[in-house]
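There are two complexes below, and they share chain A, which is joined by chain B in the first and by chain C in the second.
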Partner chain A sequence: MTTHTNPSTSLDPDNTTFKFPSHYSFPPFFTLQPVHTTRTSQLHSWSRLIQSYCQHHHLWTLSLTDALPSPLFTNTHLSRSLSLRDAREIISWMTTSEAGRRAEWTSPTSSTSSTSSTSTTSGDREDQKTRCYIFWRRPEEWASVIEEWVDRTGQKGSVLTLYEIVESESTRKEEFWGMERGLLERCLRVLVKGGRAQVFGREGSEGVKFF
Partner chain B sequence: MDRPRRTPGLSSLTSSRIASSQYASHGASLRSQNAQSLSTQLEVFQSLLHNFAVVHAKDIRANPAFRAEFARMCSALGVDFLASSHHRGKGKDGASGSIWAQILGSDVNDFYFNLGVLIVEECRATRAENGGLISVAEIRQRIQRGRRIGGGMEVSDDDITRAVDSLAPLGSCFSIMKIGHRSLIRSVPKELNTDQCTVLEAIQVLGYVTVSMLQINLDWERPRAYAVIQDLMSDSLVWVDTQAGENEYWSPASISGALGGPG
Partner chain C sequence: MLLHPLDLTTALRPSLLPDETLLFVQDAVGLYEGKFKLPKYQNGQAYLTSHRVCYVDHQEPRSCSVAVQLKDVERPDFYAGFLKSSPKITLYPKPSKRLSHATPIAGSSQLSSAPPSGPSTPAASLPSTATWVCPICSFSNPIPSNFDPAIANARTPLPPCLACGIKPPMVHVVKAAIAAMTNRQTAGGPSSVPVESPGGSISCPRCTFRNHPSLAVCEMCGASLASVADKRLELAKDITRTESPGPFLNSSPVGKDIVDCIKLSFRGGGEKIFYERLKNALVQRKWLLQSAPPIPKPRPASGSGQPDDCSTQTPERQKVVGVAGLEKRGLEQRRNNEAVIGTAFEDLDALMTSAKEVIALAEQFASQANIGTSGNPEANAAASALSLVTTKDMLGSKSESLYLSELSRNLAEWLTDDTRGILKTEGGIMTLVDLWAVFNRARGGVELVSPTDFEKAARKWDELKLPVRLRQFKSGLLVVQGRDRTDDKTIATLLAWLKDLHSEPPATEVSWDWRLYGRGVTAQETAERFGWSVGVATEELEMAEENGALCREQGLDGLRFWENWIVKEVGEC
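So, the complex of A and B:
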């Protein structure tokens, strides 16, 4: 019933259609509910949907203005779509600990390299909140996924470039393939902090060694 | 008419007393005979039922339709098989009391209590979304989908009704209510008034309602329709959709029904 042509899935590695949950065909789902308990349940459902959608399409960040007309936030069958304000509220809720911090706002000026500061959350200005990370896995979780891969492929002790980890053919089938630089650096920082990896080299051509 | 039997004088009193006492004793013996034959019949029947259940134990356990028929037969005969496995030793030496337990391997009780626990879990999990009112059919789907160990359970609507009934002693306000032609499980203590029921019924038929639809079709004043909707909304029993011109109010029960996809 729901076959969606998706403008943002040109990067989609496997061209399978995403199966939307049943909430997606429920018109009021696209209106944030005024009653608190209902709304909380709705926010949980949206959070799950956004995460699985991003996971399916391998999206690391969402730009709200771009994503609003996409099938994620717009159901053309029902002619219902989420408003920018509601989408912002959902993402903001996802950044809270109640929602497991499954999203994080990125400042509009931050390119992938400027995420080296520990906190990339922008100021409180609403209009700045247009772009965000969606953590269908938290950086800590990604760190262990990468570590597991290093372990599995017997590359402990050898030096890898960041390019090798997320862009080379050898990791084409891994879940973290194509990860944004900024996010990758954060994951590696987790490993460095835990004493399980070391990053060296100049910015732009860093190498990383796993222990 | 019955002049020959009527004896004049005082003796008639004693003779009538004798007659009535004889009637009584004869009646009593008839009654006891009756009771005896009935109890024999019952024993025969119980053993037959026992045999039947032993032979078909697997079907009873595995096939929900069969189980429902069996349960219906039992209840028609006044055999409460939820209770009968409970009153152990009710029979001569405990044998007849727990036949159900013997037959079904694990207690039938356990089956329904387990199912009851699953139902409580599902009701609680979805309460914020649907205000504690969930259709029996949806519960069944959710249980059959079963993300838990052991996978989905094959259950029928009848099983679910029975399981909900078996929760009654807990006094936990779990009950089955009917709106329109659908059975719903209510897991909140709140009673719905007639207006609210009417609106929910209308939503069930039409898919959604608006305030003006209620005004026109039910001949309600606007404030009345509005108040009922607000009440339902504050209990999470309806969700509002503001993108359709006039606000539409939908029942969250149709979330699962609309597409029916798993997940």
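So, the complex of A and C:
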């Protein structure tokens, strides 16, 4: 499961429609199974579906309340949809190591203000878990992707701003284009820890230098 | 042979003959022949029935089970046990079988111990149909075959009346016995007495077949030729009779085929009740009842109830013909039924005695009530189940486990009985609670089984290796099913059904690809399809789900079960 990466890397989400897996048209898929083996298999299928869906649509985070009516969790053709509780269950399972930690809840109190600002509307404890990262690539994987890009474009040793990496026209074609700031910081932190980059500058206008 | 092979039912109990009733069961019994233990017959259950004593081995029930006919038993003997020696009941065989083989001039092989009363010869035995009519209830009782009017005195034990249980006055029985004998000797003539023809062969009184003189029963029809021997012996004009057999009977001319006695060793107790009931069974001689005349029908006018009375009715009836005759016959039939029911329920003993007729009547009523309706198996089962009951009083008081194992066998027999097909009508599986209700209903309200005992008995099926098994679903529901029905088979049938749904379009328009996925089924549909109850269907579906063969869909219209395409990855295309 952890090695699974969906090869469909169409970077133009609007041109091609997402091809749902066959399970998506199987009505019981939308009921979380109580039997362990079946449930595990189902969770894996859901995890794959969510990841490839997010990858296809370049979604970095998923807000459950927003996503539930979306085609991801609702099959209008079958008129079947996943309940909020089951969806939360699936995401929670995706955060476990068994699923390769392909998701992570974003807490409203986290420093990544850009994601937390919209996530909390009510103070309910369980409702805090409505927003999550979907790691169709883990931060470590992203780090190597960025490093590879830096290497490919010969920018080693030069200083890049975070804006340059994820929002400039030069990276428009790259997979990590449009990555949320909080996630990017985590990727860079991985590189800094490995001694392959250095982050400096003030909050909001950091620069990064790759070695 | 004194020991006969024994037929066993599916539940490894002796299969009872018609009219035979079970009286007592005791486990941990061993068999002795004479003084010696019989190998392989040392641990088993002893069944006392009205006709036989049966031994069913614990280890090898099919091969090592024997029965002793009570009619071959002269008398039982009781040994209370001493130190390590277990209590025993000895069954002494009747000499009658050997009588035919032993010639009067047996010579030196005879035992020297002569009886005190000189040359002993059996008295003129009574014809097997000799009866005495009870002065209290007018029931015709058979006269015990060892009853001899010549030597009978006040101390001679007399069996009580079979119907009312009251001992008859001695004079009454003596009179009846003498009447029966004279009747046979005078009025019988050539038709009732076996005729010894000049060639030495004896022609049978019933079918006139000429038998070899050494035979005791007719080769053709099985009628007793014993009176021939009696006739010979009557010439001696000596009708003294001792209780013990004469010396020449003790000689054993045929060697190993004939055994001195059979002993039952009671290692687990219960010998006293067994002995009591054995003695009662020997006194009652139920096996004679088959040839006994039917219970006289008391007429409403006279309470005397002479057996002759009924004969006066018959010619009258035959005279009337046509619709009037039919009506009259119907009236008589009703009056007769009334009388049978009336007498039967007068007291308990009478009910026991006339049970056969009451049951027949009940069956008749049941069938009349069922005309037009498709036969209800439970109603049919009701009356016949009466003969199968194992009741607590049949068993030793302290052996609760024995009662349970007997009940368990009883149940298994009843369930596997093909004529009733209890399990078949329920789709091969039913809940224990349903079974309990059906079983108790079939017992007709008599000797009901408590739920606790019932469950305990059902739990013993595995232990006793019976052909049914009790299964517990994970919700705790207990069901009963045949041993050959495994989960795998159930799943296979479920899947086969679901597979069929791929080819038949669903009743309503569905949005998914039913050719690929089939459709989901509810427990209700499954129950209808396989004839299960809904509870059982739910449990079977959940079992299959647990197994991974099915998966569920919780929809607005309830829970549906599907083939498990989630795991199988069908459309990996």
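Please note the rule applied: the second predicted complex is superposed on the first by the 180 of 211 C-alpha atoms of A that agree within 3 Å, B and C clash if a C-alpha of one lies under 4 Å from a C-alpha of the other, contacts with A are read in each partner's own complex, and residues count from 1 in each chain.
By definition in this document, a residue touches a chain if its C-beta (ideal position, glycine included) is under 8 Å from a C-beta of that chain, and two chains touch if they have at least 3 such contacts.
Because the structure is predicted, anything quoted here is derived from the model rather than measured.
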When chain B and chain C are modelled together on chain A, clash or fit: clash
Kindly classify A:His77 by the partners it touches after superposition: chain B alone (first), chain C alone (second), both, or neither? second
With the two complexes superposed on chain A, say which partner A:Gly100 touches: chain B (first), chain C (second), both, or neither. neither
Can A:Thr31 be said to touch chain B (first), chain C (second), both, or neither? both
Which partner does A:Gly201 reach: the first (chain B), the second (chain C), both, or neither? neither
With both complexes overlaid on chain A, does A:Pro69 touch chain B (first), chain C (second), both or neither? neither
Please work out whether A:Lys19 is in contact with chain B alone, chain C alone, both, or neither, and reply first, second, both or neither. first
Indicate the residue numbers of chain A shared between its chain B interface and its chain C interface, in ascending order. 21-23, 25-31, 33-35, 37-38, 41-42, 45, 79-80
Chain C-facing residues of chain A, complex: 21-23, 25-31, 33-35, 37-38, 41-42, 45, 77-80
Provide the residue numbers of chain A that touch chain B in the complex, in ascending order. 1-2, 19-31, 33-35, 37-38, 40-42, 45, 79-81
Mind pulling up the chain C residues that touch chain A in the complex? 511-513, 517, 520, 545-546, 548, 551-555, 560, 562, 564-567, 570-573
If you look only at chain B, which of its residues touch chain A in the complex? 128-129, 131, 208, 233-234, 236, 239-244, 248-250, 252, 254-256, 258-261, 263
